[in-house]
Structure formats: structure tokens, C-alpha cells
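First the structure, then my questions, so here it is.
Letters are used for the chains, namely A, B, C, D, E and F, taken in the order the chains are written, and counting of residues starts over at 1 for each.
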Amino acid sequence: MKMITAIIRPWKLDDLQMAVARLGVQGITVTEVTGYGRQRGHSEHYRGSEYQVEFVPKLRVEIVLDEASSEAVVEAISNVCRTGKTGDGKIFLAPVGEAVRIRTRESGAAAA
Amino acid sequence: MKMITAIIRPWKLDDLQMAVARLGVQGITVTEVTGYGRQRGHSEHYRGSEYQVEFVPKLRVEIVLDEASSEAVVEAISNVCRTGKTGDGKIFLAPVGEAVRIRTRESGAAAA
Amino acid sequence: MKMITAIIRPWKLDDLQMAVARLGVQGITVTEVTGYGRQRGHSEHYRGSEYQVEFVPKLRVEIVLDEASSEAVVEAISNVCRTGKTGDGKIFLAPVGEAVRIRTRESGAAAA
Amino acid sequence: MHQEDKKRTKGGSWLTRGLGAMLLMMGPALALAQEAAEAAPVPNKGDTAWMMVCTLLVIMMAVPGLALFYGGMVRAKNMLSISMQVFVTFSLLTVLWVVYGYSLAFNGTGQWIGDFSRFLLSGITADSNAATFSEGVVIPEYVFVAFQATFAAITTALAVGGFAERTKFSAVLVFAVIWFTFSYLPIARMVWFTEGFLFKAGALDYAGGTVVHINAGIAGLVGALMVGKRTGYGTVAMPPHNVPYVMIGAALLWVGWFGFNVGSGLEANNGAGLVFLNTFVCTAAAVSAWTFGEWIFRGKPTMLGAASGAVAGLVAITPSCGVLSPGGAIILGLVVGLICLWAVAGLKKSLGYDDSLDVFGVHAVGGIVGALSCAILGHPSLGGVGAFESIGPQLVIQAEGVLITIVWSAVVTAIAFLLIKVTIGLRPSEEAEREGLDTNEHGERAYES
Amino acid sequence: MHQEDKKRTKGGSWLTRGLGAMLLMMGPALALAQEAAEAAPVPNKGDTAWMMVCTLLVIMMAVPGLALFYGGMVRAKNMLSISMQVFVTFSLLTVLWVVYGYSLAFNGTGQWIGDFSRFLLSGITADSNAATFSEGVVIPEYVFVAFQATFAAITTALAVGGFAERTKFSAVLVFAVIWFTFSYLPIARMVWFTEGFLFKAGALDYAGGTVVHINAGIAGLVGALMVGKRTGYGTVAMPPHNVPYVMIGAALLWVGWFGFNVGSGLEANNGAGLVFLNTFVCTAAAVSAWTFGEWIFRGKPTMLGAASGAVAGLVAITPSCGVLSPGGAIILGLVVGLICLWAVAGLKKSLGYDDSLDVFGVHAVGGIVGALSCAILGHPSLGGVGAFESIGPQLVIQAEGVLITIVWSAVVTAIAFLLIKVTIGLRPSEEAEREGLDTNEHGERAYES
Amino acid sequence: MHQEDKKRTKGGSWLTRGLGAMLLMMGPALALAQEAAEAAPVPNKGDTAWMMVCTLLVIMMAVPGLALFYGGMVRAKNMLSISMQVFVTFSLLTVLWVVYGYSLAFNGTGQWIGDFSRFLLSGITADSNAATFSEGVVIPEYVFVAFQATFAAITTALAVGGFAERTKFSAVLVFAVIWFTFSYLPIARMVWFTEGFLFKAGALDYAGGTVVHINAGIAGLVGALMVGKRTGYGTVAMPPHNVPYVMIGAALLWVGWFGFNVGSGLEANNGAGLVFLNTFVCTAAAVSAWTFGEWIFRGKPTMLGAASGAVAGLVAITPSCGVLSPGGAIILGLVVGLICLWAVAGLKKSLGYDDSLDVFGVHAVGGIVGALSCAILGHPSLGGVGAFESIGPQLVIQAEGVLITIVWSAVVTAIAFLLIKVTIGLRPSEEAEREGLDTNEHGERAYES
């Protein structure tokens, strides 16, 4: 199994969720994060003070799924989350050894 | 080493923590997340508006530990976090290559 | 590629960010978490009530990078985040199979 | 007209005050400096103190009250956007009120609109007084100007709730100026000025059920329709981001509304006591009704519902606070709590418009219920203290006032939004809207940790 | 009795007012419409304005003040639950006050309870006035009704803090109605009505130390014991989820409390100035005492402590604000700040009850300190302006008032909770409690991001 | 002096009131009990009611107003720290005001400072009255004491904004006591007491432009310089953690400021109406100016800016609210909105000091603009109602008042901070500062989820 970790713009979540649901993804876990990347560098004003904003709000979306579907899902995510402007985010894939559904004790792909 | 990532109901944290502590787990990292899964589908009302609630609050609990203890811990977590109702959550296991304790520079299992 | 996950004291983020930027790290994702570890045990008062505080605020910092640079980065992080007191945190390293930059579809090390 | 009014209130019985208050509402406009000089009545300090309190209560209703009530209901990414719309609209219109609004609404002789003779309050000094509804009783005119300013400013701020979360800040401000000038000022004059059409018709509106609530509610609805729905409306969940803010806002509206309603009587007298108690108990009843209504019909009683119930009750008692008995106010509260619950749930759903913060469902619907209630619960046979003969004809007059307000406000709002659409545009880009108006329109985020 | 009172206040010296205020507290009840018509005194507009201000200040104390003060102290998952309990209890009891509460508390001749002759305020009109403590000075009776309504409603809302975070909403509402009817109404009558037992005994209670604070504090404690501890109490940390809300709440309580205390004098006169200053400075002293006390005894001064100190000071000065000198008020503030700090820390810990929001430790304990302080710091030898002869006997009378209130409130609360337990039940399921009352009882979450 | 004043106000024309108010500001101090007994004027209840309202409005400005305005602007980790600094400073100084502040500021004959003859208010009773600016009009002295207490306490609390987020709580409290005693008390006396240097010079300051705002603003700046910059200032982003709190705070300041400004006239009379309207409309204009200024010069209009504009407008109208016409107040608001925007942006940046919450940029700069505006916009040729002959000389007098306040406040602040530095120390450890003052100084966190 794989865990897809996508760092995306917060307002793209709805699109992402609909896109992956269409591919049969049944579970998603979402975390509010802040990200530092190339997008940094714009400055914000607070009254008079001007600050370099280094960290911008992002969402981290995690999906565990079998390896077979992972490519299609990565593809779908990068399609819907792309605006073409810096800050669109990244997708990382990492191996997952085991998955357990707490409610049923099912494990493996059935639990993803 | 392994990283156990458990997505659980928020109010189960205390039980989980006590259960794993009993098994000798010395460190836990907890994140507030929202999850989309089978539990979705209940609707909420805001004044008149009725919405499908897709994302429900969950906690992500991460524990890094040596492989030997991981099975018992997964077992303990799924025991205390089970209510039998949809939304109990998942447990994922992934490999961890290295662990470092910042304070002491210890690494490996000693750092987990 | 590797994912470095560092659990650090919240107020060390600025130091960490500057230190790793100097090593050429171009992206960081930060999450607010609470951690349970050896640091627990101090008690807090709320009016009269005295509680054992089990979970203390931490930041989880994630950096995906090629294996070559990971050692230097781990070193840098543990240097700047060390105070010597319990609660300094941990660094975990895990394998990452693939990385995709959503904006450009670049993948692999170019996307980290 | 003024003569007749005086006769009425001279009759002495407080029972006539209900109508008297309505008919005399424009009295202050007649209290020109010269006139005041002749009779030389001096303001009672208790009245002056009370009217200053009432004015600042209405300010507190707007900022922070309304800003929080509305702000809590939007998503976190639009919190500052709606706060700014309320805060700046309120401020800007306060300035415009002093510049030309007061002159146009309360001066001159026109039956639809006044003139510019008091532009920038010229001719008014600290010695000028404004008449009240009691013969020989006056209050400082500057205080009257300030009190009325708050009504104009908050009414317009109320309307923006209808098209919140999707309208450009510039569009909102332009709308505010146009609508204030062409809808609020004429309707205020029509209802509260002796020569106004509705005033002459004998419509009862103690503190602004038509002028404020129906007027704003219709503007909100028409604005919602013209601006279009929020992106994702109906598919994406748009829960209130901070219900405690909604609670605080509703509570401050409740507290401040005493200034709104009781202050409309312009005196701290016995009649004020009735208006005060009615405002208190109608609201309490509406909170209870909405709470139990939700419990029964939707399964659970919500804080958002209780807060909405409070506002519904406050809206409904606004026109009728001077003519109902406390018992009648309780009945009105129970009724309006349930009707507005239905309006924002059933009605809104079946019609499918996206009135973001239910300005129509609460303010227009509640205002209509309240305006009509004057003619029913206000009748002495039902315990009321209204001075009209029978229920039927008065109901017709009330309905007339309601309808004229609806049509007038709708037309002005529609024209205003059309103009804005073809000039500076109404909406930000879809991307900006989805990302949130706070960062895109104001370069800020509400919360940092 | 009334006669004697008149003589006293006629004596003219303000020094007698301290006691006078207590003894005359029920005066208004005698001001029947006929009586008013005979002497035909007209309310002073300054008094009327002030009493309306005081009434809305007490409303602001409850919503949003108390809702925030309590809400900030619970966990985020119960924020709306406690807010709803305060908001709806306050609203519901306001309605019931108008329906039968005012009649039972301030009408008829019974020494424990009145009658239903003013059911729904029948017989009262906008022309009715209520007597004050000065001969010939009246205020509109509707204003008096509204002012007293806020006392009844907020007292009951205070009590719910004792068993917060674990009681069903339905149980809270049923408790509120029972306790309001059988504890608040009789005790208010006993203390403030001329024929009441405690009134006759000469107990001093300017603005409700017994009727409001001890009464509510005991109900909170008994409720806490009967409902049982929160699940996890003692093992799981239950920190306040939003200390700024606690601060806002405490501050609004402070501001609103001037309405509570000063308004209890029913006039905007010189005596009001003393009550005002005492309320101000006793609170400020208690904030200081709690802050420095915590600093010294627990290592660090906390915001939660300073806010708690403010409320402790306000509670303590409530019964005694009319008889202390400002210097005495400072001393009282310093003392009560430290005593309540001990009560919520030491005492609570050693007794082991789970009074979630320290209604007992702050309101009952602070109320007792305040009630007793009347007899000590209120004595002229200690700078006070109380009109009693010597400290000892007065202390006995005060203690008697305290004890009767404690017993009465405890018994009524116990019976109420027993009844609820055997009928609809007191607590939600443990799972629901742990998940939070907001989602389970109200189907809402306070915050979304 | 008093004689002359009386003559002036006797002149009758309200036009003279502007200056009269200034010159007579210390009148109350002369109203000794004996004097009151001779003439035996009785306070008007409308005045008494209004002054109590004004006093509680200023309390609301401080807590929760200022605590939220400041608290929203700091980072989350320092929210409770700044709240505590405001809350406890305000409380402590209220106590000290009653103990010795009132005596030193408003008693005795010294031209810089009074004496201790009213230590703990000895000699004042509930029957004591304080004179107002109108002959024969008095208010209860206890109310005057309470009203003035709020000024002393909030002024000091304002100053702490300059060195927020990096100063030890103990250092803040010690500073507060020293500065209150040696800067606030003498300057209040100089400006508002008949024998004071600035009073004699004829400086106009209706409600505290010099005494409150310039005084506090300079203390904030000097404190900021002496304590040093926040760790990371200039490199690390330090955005406000909760802009809605800033909005709520600004709104409550706006509402409360009516008590501050209008209350300074001590009566609910016609003149109060002018002050009221000016306070309202100048603020509204400043909100608009800052909003549009930011929009034009920085790209986007922010909520933080609108809130700052409100405070800038309020500060500027404080000294001049009694002498400007409403039109003049609008102009002042527009001007000060832009000037303070420049001060906190351009000026602050080029000078490089770290005045955390812009006490200098808003309060000192706005106060200076306001103080000078008295002499310009207050002149009858520009629509004002000031009673001075010509603009030039009055401008010199105003500038003199400003300069003396600046120097005095700066010297006292510098000495105070030096003393603290060499004794208990000014700053926590860098680690503690970076981790946040809430946990390190107060053992608390503002928010838990």
C-alpha cells in the first residue's frame, strides 16, 4: 500500500475530494498546515509594519490506498489542484506496511 | 522502527494514551485533523440550510517505536478506540529509517 | 528521497527555518501538534484545580529531500533545536518513493 | 397634521400614545431654531442622558454587535471581509448623514425627499432643540441628529448580509451609498415625516419595522439574487465559523436594541417603560420559541437558532413595541420565532435563493410579521394600547406600508446592482472568492496562531 | 413597617440609607395603581433613564457576559452547551417572570409567597408607578418589572455553572423552572418583601448577596453533587478552552454589575454615587488581591485568577455596597479575593466536589463574606454608614439570613434534581459527554476553520 | 480664577463653553463640602445618571475594550500577558486613585501636585457634591471620584502597549505605579487644576488630549526604547493573532469614548450634544480616511487599518470635541486618519523603534493633531465654537501644552524604567520571551482545543 501526502491550496480541497471520490477513494485525512516554499516572499502589512511572509496556509491531504490506484489518484490530484502559480504544492508517495480498520479489525487493502 | 499512525475519534485520546503507556510507549504526537470516510453522510443544519457533512473532526496519533512492540500497540489502540460504529478510524504502519532524540543526539530505538 | 519529520519546540521554528534554508532546503511543511513524552509531568493550575499536563504544544516540521542532504539537515535541526532540557523533541527519517510538484508535474528530486 | 397630533397626545391617556408616536415621529423636523426660541423649552437632562445612551447603544449594535453576529456566521476566510463591510459602511454613512442625509430626510417640505438647506448641519447649533412627541418637551437637536444617524447607518449595514462572502468591497460601498441615498432616505421620510405618504396614511411603525427591517431585508434578498449564489452553494458545507461570535453578536444586538426601540420615543418617560418591557419579553419569547421549535421539528435546539430567535423577536417588536401589552409581546415573540424559523428553513429551501445571512428570512419576514401585528395585537380588544378603531382597516394600512417599502427598496436595489455590475463589477474572481475575501480583498487573515 | 421606613428616610441623613435601603426594598410592591393616582407623583426622568440603563446592564451581564465567562472556562466541545444553558434559561425565565414570577414575588400579602393577581401583569399599565425608597419618588412600574426580571433570570443562569459540561439540556431547563419558582421567588420575597421573614428580622442585603449569590451558589454545589462529577474529573486535564472569553466575560460582568448594585437603589441620587464607587473599588481591590495572592502562593499570577477575583469582589460588595465606605470596600475586596482563592483552591480540593465553574467557591463563599461584612465594615465605627446599633447582634441577623438561604436553596435543589433524575434523567450517555455536549445535545460545533 | 470663569459661563452664549470647559475643568476640586452646604445645590438626577453611565463606559473601554484591542494585535502566545497588564494595571490604579490619587490631583493648593488631606477620601460623604462648569450645577462627588479614577487607570494601561510582548509583568506593574504617581497625577493637575501651569496658560483640552493621550503615547515610546525591541523584530513576522478581537476592541473603545468625552463636560446638557456628535462623526471620518488611505497607498483596505483609524479619530477629537463644529470634526477625522496612517507606517519605519502596539503613532501623534486642531478648527472663522481671539496665539499655547507634556512624561518614564532595570529587571530571558509570556509569566495558555 501507499500513502499519498498532498500539500495543496486550502480552497482546492472540495475539488480534490470530488475528483478522488470518483476514482473510488473511500477515505481521506486532512490537516491544516503552513508551508514554506517558493511561494514565500510576498510581504504583508500590519498597520505600518511590513513583513516577509514565510509561511502560508496549506492543507495536507493524506490518502492510503493500494499501489495500483495510486498513480491515477496522483494524476487526478495534480490536475485539479493546479493553478499554474507558485504555491500549488507537492505530492509525496511513501510506502505503508499495514492498515487496520479499527471498527472491524479488517486489515490490508480492505482497510485502506 | 515503525511509525504507527492512528486516526481516531477525538474523545478516545485519553483511553489510547493510558493504554499505550501501559505497554511502555514513551512518546506520542497528536494532530487535530478532519477525516472523510464512510462516516460521512450525516447532515447538519445551520439555521435553515442543511448540509452534508463530509469532513468530521478526528485526531491523528503518531507513535514511533521498534517493530517488536508495534503489534501489541496496534492491538491495544484498536481495542480502546473501537465503538463499533462507523467512524472509529484506521491505523497505518509505515517504516521509519532513523530516529534522533534532539536533546541527547541519541538515535535508533533509544530515540523512539 | 527521504522525509524528515522533526517534532520541535514551537518557538524554535524560525531558527530551524533559517538553518535549513542555508543548507539549500526549499520547502517545509509545518503542523501544530501536541506531544506526549518525557516532558510531561509538570502541573498547571486552573483556579483551584491542579492538573497533570500530559500534552504540550509542539510543531511537526516535515521536509522531503534527497538522501544525500538528509544527514546534514538532521544535524542542523538538532543543533538549533537543542536547549538541553526535556522536551526538545525528536527527528524521524522515513523513505519517500516519489515526489511530484503539482504546478509543473516535475517529479523526483526536482520536486522535493 | 401637527395640530391634530397635539390634540391627540393632549387627550392625556397613554392609550393614545401608540398611534401618537407613529404620527408624530417626524415632529422633530418641525422644531426649527426659531420655533424653539419662541417657546424656549429646555431639554430635560434625564431625556438628554437617555437619548445619548440610546444612540451609543445603536452604535454598539452595529459595531461590534452586527459585525460579530454576521462575522460568526461566515466562513473564517471571510470574517474580516464582512466585518469591514459593516464597520466601514457604518462609518461612511454616518459621515454622509451629517453631510446631506439629515437634511434630505428631516428638512424641507417635499413629501418624498427633503432639501439641502441643512447641508453639513448648517444652521444647527448646540442651542438648537428638536421636538419630541410630548408638547413642550425637546431634546438637543445634535443628539437627535446623532440618534437618527445610527438608524441610517445600521440599516444599510444590515442589508449587506444578504450578499456576503461573494461581493467585492468596492461594490458593497458603492451600493451602500446609492441605497442609503435613494432608498433609506426617502422611505424614512415617507414613514416618519408629516407630509410623507405613509405617514399620512396612518401606518404604525414605532421604531422602524418598515424603514429599517423590511427595507434592509428586501435589499439583502434582491442583492443576493443579483449578485448570484456563492460558489459551491448547495454542494459545499458553509457552516458558521464561530458560533460564540454569533451568540455575542445577538446578545449585543439585544442589549443595543433597547436604544433602538425605546429611544424612538425620544423620552425617558412612562411610555418608555412599556416599550422597554415589550422589547425585553418579546425577544425572550422568540428565543424560547425558536429553541423549542427547532427541538421539535429538527431534533436539536441550537445556539445559532436561539441567537436567530432573539433577532427575529427584536425585529418583530420594533414596529409594534409601542402598541402591544407585555402579554401581546410574548405572543408576538412566540409566533415570530416559529415563522422566521420556517422562513429560513422551509421557505428559503424551496425558493433556493442564497441570502447568506438570512437578512430576508429574519429581517424582512420578521418585520412584516411585526408591522402587521400592530394592527392585531395592538388593538385594545387584544390587550393592546393602539389608538386605532378596528383591526381590519388598520391591517390594510399596515399592509400598504409593507408593500410600498418592499417595492421601493427592491427597485432601488436592483438598479444599484445593475449599475455596479456594468461599471466596476460585482464579484471577485471565482478563485479569489474560493480562497477567501479576507486575503484577496483586504490582504489580511483573521486568525494567526 | 412602611410607616417606620418613611420616618427613617425622612430623618434625612444619608447615614440611615444603608439600612433604609434594605428595609424598604419591597416598597415598590405597595405602590399600587390607586395609591399612585392619589399622590400622583411623576417619575423623575433621570431616575427612569438610569433604571432602564441598569436593566440593560444586567441583561448584558447575562448575555453575553455570563455566557462568555462560563463558556471560556469549559472545554471547546461544551462551549455552545453552556452558552445555550445561559441564553435559553435567561430567556425562558424572563417570560415566566412576566407570566407569574412578578406576581408571586411582589404582590399579595403572604410572607413566603405572593399570589396570582398580577398574572401576566394584569392591572399594570404604562401609567403605573412603583415606589422607591424615598418618599414621593416613583419609577414606572414596567421598568421595575423589567429590572427585577433580570435578577430572577440571571440568578438561575448562575447556578448552572455548578453542573456544567455533564447535564442534559432538558434537565437544565426543567431544573431552572422548578428552582426559579420554588427557590428564587420565595427567597426574593422573604428578603425583599415587608412581610418576609428575613426582611422583618432586619437582615441587610442591598442588591442580592443572599437572594442571588448564596442562593445560586448553593444550588450550583448541590447540583454538582447530585449530578455527579464530570467523566474523567481528576484524571483528565480540563483547562479553560478560551481564557480571553473568560476575561471578556468578567469585564462585562464588572461593567454590568453597576446596573445590578446601583440600580437596586432605584434612583440616580447621591446614595447611588457611594454604591457606584464601592462596586468599582471593591472589585479592583479583589482583582489585585487574587493576583498577588496567586503570585505569592502558587507562583504565578493568572488571567483566570484576575478574572475570578473581579467576580469575587463583585459578589462580596453586592449585599454591602450601600453600607460600606470606599475604604471599607477596599478592605472587603482584599479579603474576599484571598478567601475565594482559598475556597476554589484549598477548600474545593479537600472536599473533592466537582463544581465545574466554581459557583460555590465564588458566589456562595463570596456572598457569605459580603453578607457578614455588612455587619462589620458597615458599622460607623469602622467607617461604614450602616444604621444598626452594634456589630454583634447585626452579625447574628446576617448569619441567620445566610443560613436560611443555604438550607432553603439546598432543599429545593435536591428535590428538583431528584425529580429530574427519576423522570427524564440528568446526564447524557458517557460517550455523549466525552464527545461533547455541543454535538450531542445541540448538533453544532462552536468553531470551524 | 473661579470668579472669572463664572462670569464667562454666565455670558450665556454656548459659544463660550468651548474654552469655559477647559478653564473650568478643575472646578470640581473647589466644591468642598462646606461650600456645597452653603449654597446647597442638589444634583440633577439626569446629570447623575449620565455621569454614572459615562464612568462605566470608560471602564468598558479599558476592560474588555483596550484588553481586546491590544490583545488581538499581539501574538497568541502573549494574549494573556497583555490582557493581564491592562486588567491588573487598571484595577491596581483604581485602588491607588481612591487611596491617594484623587487627593493629590484634585485637592490642596499646590500648582504641581496636591496634598494628602483626602487620603482614602476622608472627609467625603455620600452627601458631598462636586461643582460642574455651570453655576449652581453639581454632581455627587463620589461619582466624580469614580469618573476621574477611570481616566487615571486607563491612561496608564494605554502606555503599556508600547513595550508589550517583552516586558516582565512585575516590571509593568512597578512602572504603572511610578508613572501614575509622578507623571499622570501632576499633568492632570497642571492641565485641569486652576492653579496648574497649563491651566493658567489657557490651554484647551476638553477630555484629555494631553493628559491622557500624549502623556501615554510618550510613555509608550520611551518605554519601547528603554526596554528594547522584541526579539526577532524586523526579521520574524509578528502579525496580529486575532483581528476580530482588534475590531471588537476598537468598537468598544468607540462606544466607551462617548463616556470619556461627553462625560468630561459633567452634564447631560445641550453642550453634551455637540461633544457627542463630534465624537461620533470625527471617528467615522477617520475610519473612512484610513481605509481609503490604505487602499490608495498600500493597495488594500484592512480591518486592522479601519480599527486603527477609529482610535486615531477618537484620540484627535478628545481635546477638541468641545470647540469644533460637526463639519470641523469631519475634517479633523479625515486629516488625522491619514496622518496617523503615515505615523505608524512611514515614520515608524524610518525611525526604527519597536512601539509594539503603536501607542506613539496613534495616541501621541493623534493627540498632538487634536490638541493643535483646537486652535485652528475651533476658531469661529472656521466654524468652531472656541472662545479664543485668534488662531496664532492659541496655537502657541496649545503647542506649549503639548511640549510640556512630552518632556514631563518622557523624563518620568525614563527614570522609572532605569530604576526598574537596575532593581528587578525589565525583560524575561530571551527563551521565555520567545516561548511566550503567557506560559512563562502567567503559567497559562490563552486557547486550548
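The definition used in the following text is that a residue touches a chain if its C-beta (ideal position, glycine included) is under 8 Å from a C-beta of that chain, and two chains touch if they have at least 3 such contacts.
What you see is a predicted model, and the numbers here were worked out from it, not measured in a lab.
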item: For subunit E and subunit F, chains touching each; value: C, D
item: Numbering shared by both copies at the subunit F-subunit D contact, with half separating same from different; value: different
item: Subunit C and subunit E: spacing of chain centres that average the CA atoms, whole Å; value: 51
item: Averaged-CA centre spacing for the pair subunit E and subunit B, given as whole angstrom; value: 46
item: Multi-chain contact residues (two or more partners), subunit F; value: 44-47, 49-50, 53, 239-240, 302, 304, 443-445, 449
item: Multi-partner residues of subunit C (each touching 2 or more other chains); value: 31-32, 44-45, 54, 83, 94-95
item: All chain pairs that touch each other; value: A-B, A-C, A-D, A-F, B-C, B-D, B-E, C-E, C-F, D-E, D-F, E-F
item: Complex interface listing, subunit C residues touching subunit B; value: 2, 6-8, 31-38, 54-55, 58, 60, 74, 77-78, 81-95
item: Residues of subunit A touching subunit B in the complex; value: 3, 17, 26-31, 64, 94-103, 105, 111-112
item: Complex contacts: residues of subunit F adjacent to subunit A; value: 73, 237-240, 298, 302, 304-305, 308, 341, 343-349, 358, 361
item: Interface residues, subunit D side, partner subunit F - complex; value: 43-50, 52-53, 55-56, 59-60, 63-64, 67-68, 71, 79-80, 83-84, 87-88, 90-92, 94-95, 98-99, 120-121, 125-127, 129, 140-143, 145-146, 149, 169, 245, 441-449
item: Residues on subunit D engaged by subunit E in the complex (per definition of touch); value: 14, 17, 44-47, 49-50, 53, 57, 75-76, 239-244, 247-248, 250-252, 254-255, 258, 262, 267-274, 276-277, 280-281, 283-285, 287-288, 291, 299-304, 306-307, 310, 325-327, 330, 333, 385
